[in-house]
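What follows is a pair of complexes built around chain A, which joins chain B in one and chain C in the other.
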Partner chain A sequence: MSSVYVNRPTASPQAAAAWDTRRQLLTNVRGIGGRAYPRVSGILRERSWLFFEILLPFMTTSGFVFVYRALHAPPAYIGFVVLGGAMTAFWLNVMWMMAAQLYWEKDQGNLELYFTAPVSMMSILLGMAVGGMAMSFARAIVVLAIGAIVYGVQFQIEQWALLLAVFALTLAALYGLGMVLASLFLLWGREAWHLTQLTVEPIYFVSGLNFPVGRLGALGALAIGTIPLAVGLDAMRQLAFVNAPGLGGTPSPGIEAGILVVMTVIFIGVARWMLTRLEMLARREGKLTMRWG
Partner chain B sequence: MPADTTGAPLAIDARGIRRIYKTKPPVVALDGIDLQVEPGELFGLLGPNGAGKTTLIKILTTLLLPSEGTARIFGFDVVTRTKELRRIMNMVAGGEQSGYGMLTVHEQLWMFSQFYGLGVREGRRRVEELIEAVGLAEQRMQRVSTLSTGERQKMNFARGLLNDPWIFFLDEPTLGLDVSAARSVRDLVRAWQAAVPGRTILLTTHYMAEADELCERLAIVDHGKILAIGTPDELKRRVQRESIFRLEVDQLDGGPATLARLPGVTSAVIAANGRQEGDETSQTVAVNLALEGDAALGSVVNALGGIGSRIVSLQKSEPSLEDVFVELVGRGFDEAEANGSPSSGGRDPNDEPPAHAERPPTGEPAEVGR
Partner chain C sequence: MFSGVAGLGWAILDDRERYRMLRYVFVSPSDFVVVILGRGVARVAVGLAGAIISLAVGIAFLGVDFDPARIDWPVLAVAMVLGLWAVIAIGVLIAAVCIQTRQESWQYPEAVAGALFLVSGAVFPLSVLPPFAQAVGLISPLSWWMEGVRRALLPHAPSAIGGTTSLFHDLTGAVEPSAATVLLALSATGVLVTLAATLAFRRSERRAKDLGLIDRTTGS
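Now for the complex of A and B:
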């Protein structure tokens, strides 16, 4: 019998603590929705994000477009830049809305509530990601649309299915990496923050956001082997601009898709392991909570 | 699994808990805590700032590891069985600023319900019920960032009750609440606990009267050690070596010495009497009597009859928890707390020191893009 003081009656603490797999799974799925909720509603409530999140980054992309035009680069390069601009949104989302966010959550006292709730930290992080993705999608679409309309970018796509698969895999690998970074923030909040800020520009560069990564030679090959954004973007460029000049020197999209699969598996595995390890370490060091005390 | 005599695991069973923070110099926050709490108890931790109360709660809520010792909650080890434990517990701290300021009260509580494993619609219904129960119906669509301290704390309570916890940890839950808000929170906690036998509460507080009124048993903690443990009455009896009475009679021939001579009377002295001066019609004599035991009162009453004194009033004076605290901690609660209000026993639980009342609101983190 349920009342205001009793929602789901349980016979004993032991009975209440025994959850079947279904309940665990459902709670984790709902946890994702729960954490995504404030992010999505926040986006809808604070309209200023439209300006900051879409218009400002698009200006950066436009800057490169004008440079390439002035240099009489092949028109395909404008398409590369626009696609890079679209994908930046997802990278930023992972960096700032997921990994670095944990630092704020701890300061706010939310982190300890997340840890003491019967929901996995992976779900909380995924919830942050899913909520932020809504914004990233909007931004990516706007950038692509403006690119096509204003700069006349012409996509030439033959393998739609593979393109979508590569896009999905890029997101998966990227968010896997985000979880790894988030676990670092758990333990080294401020230091991790500074480190992240230091690595933003170099990663932009070696990811080839504004030019084909194959141009970087050995460095590009290294990036393709380690940075999800680099390999995903290169594969998507090959698939969205078939036969465009300047894309040589990198593996075929099929192989790059394979690399993304491996990356996803590794990142998610590592994130799982690190979250568990670091939770224990943070409990030992007294770093899960900053407030209360 | 350690068990009490009836075979069911204890709600809290902590043994030899030590916690050292590796700062420079290291801080020994807990120094050998042994604590057994039965299912269904409302147990209080009372102690000055820095005593280690919050540290103990953090360990029991799986947020911190003990440096030494073991603790089990309903038989689940707090170090290794976190998964099970987190399904049956919840916690609320005074001044808690959890959640996201731009959500409404309803949205925020619903969000938490999703972390506690409630269904999407079940969560909505439950949130409505609890909003009603804590008295936030008017604020349900208000943004969390605009709530007053007391409203916020009521919301935190609703959050803590969302998952029907079997054990509820409350760290200074009435901090910053006005008298009526604190009372309604206490009533709510009691009613919630009474609804299911076995529901257990561990509470820390700085308010003596709150501890006295609410807790079935208390531990007085200082410097990471439990100094005394017992019911409020047991603790008070510890400091009460004699029975103290305040006697008021119409007249006392021979003065208090008459009474002091009686067997079983330790001392009898004239007490200050507010009505003594000037008021001829109600002139009485007040005497503070210290007796070896309540039984000695009989001879006092007989003796008074013998000398023709009429008893106007007779009051037994009880020691307060504060007296116990002063005796055990070796300093007054207010000295320990350094907030300088007079140490007068029956202090109002909500006699809020301004330092707490004017706690600055913490800013919200930007949940939207950076």
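Now for the complex of A and C:
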């Protein structure tokens, strides 16, 4: 099989730019790998993250475990907290390393390279997601393992396939949302930092990170309908802690999986539209990628 | 607490990774640590506003038993001064770490603040923790600061450090610390943290200078 990257003389620049589907696809796959590479290699080069990204956040999660112990809450609540702590890794990754990333890439002067590169912006963002997920997965697994060992959390899982499907859909919806927010933060310009901050603690609260979201009533229902973290976490809790007390008032895991499918389609569709529009604006007006001071 | 502890680390990261100003700050005639401390004071001021809002919401909507006439003003004043001093010292310590770290270390300061939150007795008494974690809490100035402020504002609130099953009780025989004990312990732990922060920051600063870390941006 001949390589798609071999230089071949063409009759005109237009002909050179007319890539076949295979070449486009391979270039995008390489783009994903290329963007994921610095994040994965960074994990190996800067090992301090093992302490700061895994051990210390677990202590924050532990704080809520001790709150429930001090309040003599049912043991299942400790499991809810540990699962919430594991999913925090993905939310933080989506917000800090995707949503705010394009804005920071602009600051670093990389954004114009992305827009001129012959790959889709979706591929670049997907590369960020894949690279970031490596670290988030590690953190989530460690949090779950330590939670099970140290705090004796016992998972009662009857539908493994549905649980894995819900987890995968939650990630797809979360990273789709991350792509939408990346475009929005870039359009809104400065202070992506504060916008990102705004989406951490309030989202933790309305998503029921440390308690069943059904306890929030109408606010919880609104969260389940709009925030992938809320609906995914609630479905996973229902599937990982079958018949646990406190998990009432929300749709069944099957319905919540359906909600996640709809969210994934909408977020990725909107992200695609917005990124295409951003690329057009960047090329036509030349201001979007410009650094100011 | 979060603003002060994490704020100085963020100031380093902000100036190095986003604004790329850290090298200019570093070579300016001002003492580097003084500039960073200035950034920290601003963050603490923002944090204080948040604390006042939280207290107001607690009183207005959550039924917190708060009576301004019962506030122990001298204890509050001393605890706030010593506590904020200790918070900034811990912030300097984290800033010393952030000067050295590469890649995306934005979450590091908050992770440290969150971990200290666990042993500070802010949301639950230390006595529910295992003894070694209680010991960490007892040498953290944040625990004593929380205890002092809580005692000054809410005199009838239960102690987060004491209790019949607490390590404090095992060590001292007292059920809960007196106000004087709290302020003394806050002073002592604050001095220790300040010394550690000064040494760590100076060493980190020297190492960063030697290795050229001040202007190395490392976004991934």
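Everything below uses one rule, namely that the second predicted complex is superposed on the first by the 268 of 293 C-alpha atoms of A that agree within 3 Å, B and C clash if a C-alpha of one lies under 4 Å from a C-alpha of the other, contacts with A are read in each partner's own complex, and residues count from 1 in each chain.
As a convention for this text, contacts are C-beta pairs under 8 Å (C-beta built on N, C-alpha and C of every residue); 3 or more make two chains touch, one makes a residue touch a chain.
Everything quoted here is computed from the prediction, not taken from an experiment.
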Looking at the overlay, does A:Val67 come into contact with chain B only (first), chain C only (second), both, or neither?
-> second
Which superposed partner A:Gln108 touches (first chain B, second chain C, both, neither) | both
With the two structures laid over each other on chain A, which partner does A:Pro57 touch: chain B (first), chain C (second), both, or neither?
-> second
Taking the superposition as given, does A:Ile149 touch the first partner, chain B, the second, chain C, both, or neither?
-> neither
Partner chain(s) touched by A:Arg45 [first = chain B, second = chain C, both, neither] = both
Of chain C and chain B, partner touching more chain A residues | B
Regarding the shared-chain residue A:Gly286, is it in contact with chain B (first), chain C (second), both, or neither?
-> first
Which parts of chain A are in contact with chain B and also with chain C?
-> 38-39, 42, 45-46, 49, 52-53, 96-97, 104-105, 107-108
Using the touch definition up top, name the residues of chain A that touch chain C in the complex.
-> 38-39, 42, 45-46, 48-49, 52-53, 55-57, 59-60, 62-63, 66-67, 69-70, 92, 96-97, 104-105, 107-108, 131, 193
Chain B residues within the chain A interface of the complex | 11, 21-22, 39, 54-55, 58, 61-65, 74-76, 83-91, 93, 96-100, 102-103, 107-108, 110-120, 122-123, 126, 129-130, 132-133, 161-164, 166-167, 171, 191-192, 195-196, 198, 362, 364-370
Can you list the chain A residues touching chain B in their complex?
-> 3-10, 12-14, 16-19, 23, 26-27, 30-31, 33-35, 37-39, 41-43, 45-46, 49, 52-53, 96-97, 100-101, 104-105, 107-110, 112-119, 124, 135, 280, 283-286, 288-289, 291-293
Residue set of chain C touching chain A in the complex reads 17-18, 97, 101-108, 111-112, 114-115, 117-118, 123-125, 128-129, 217, 219-220
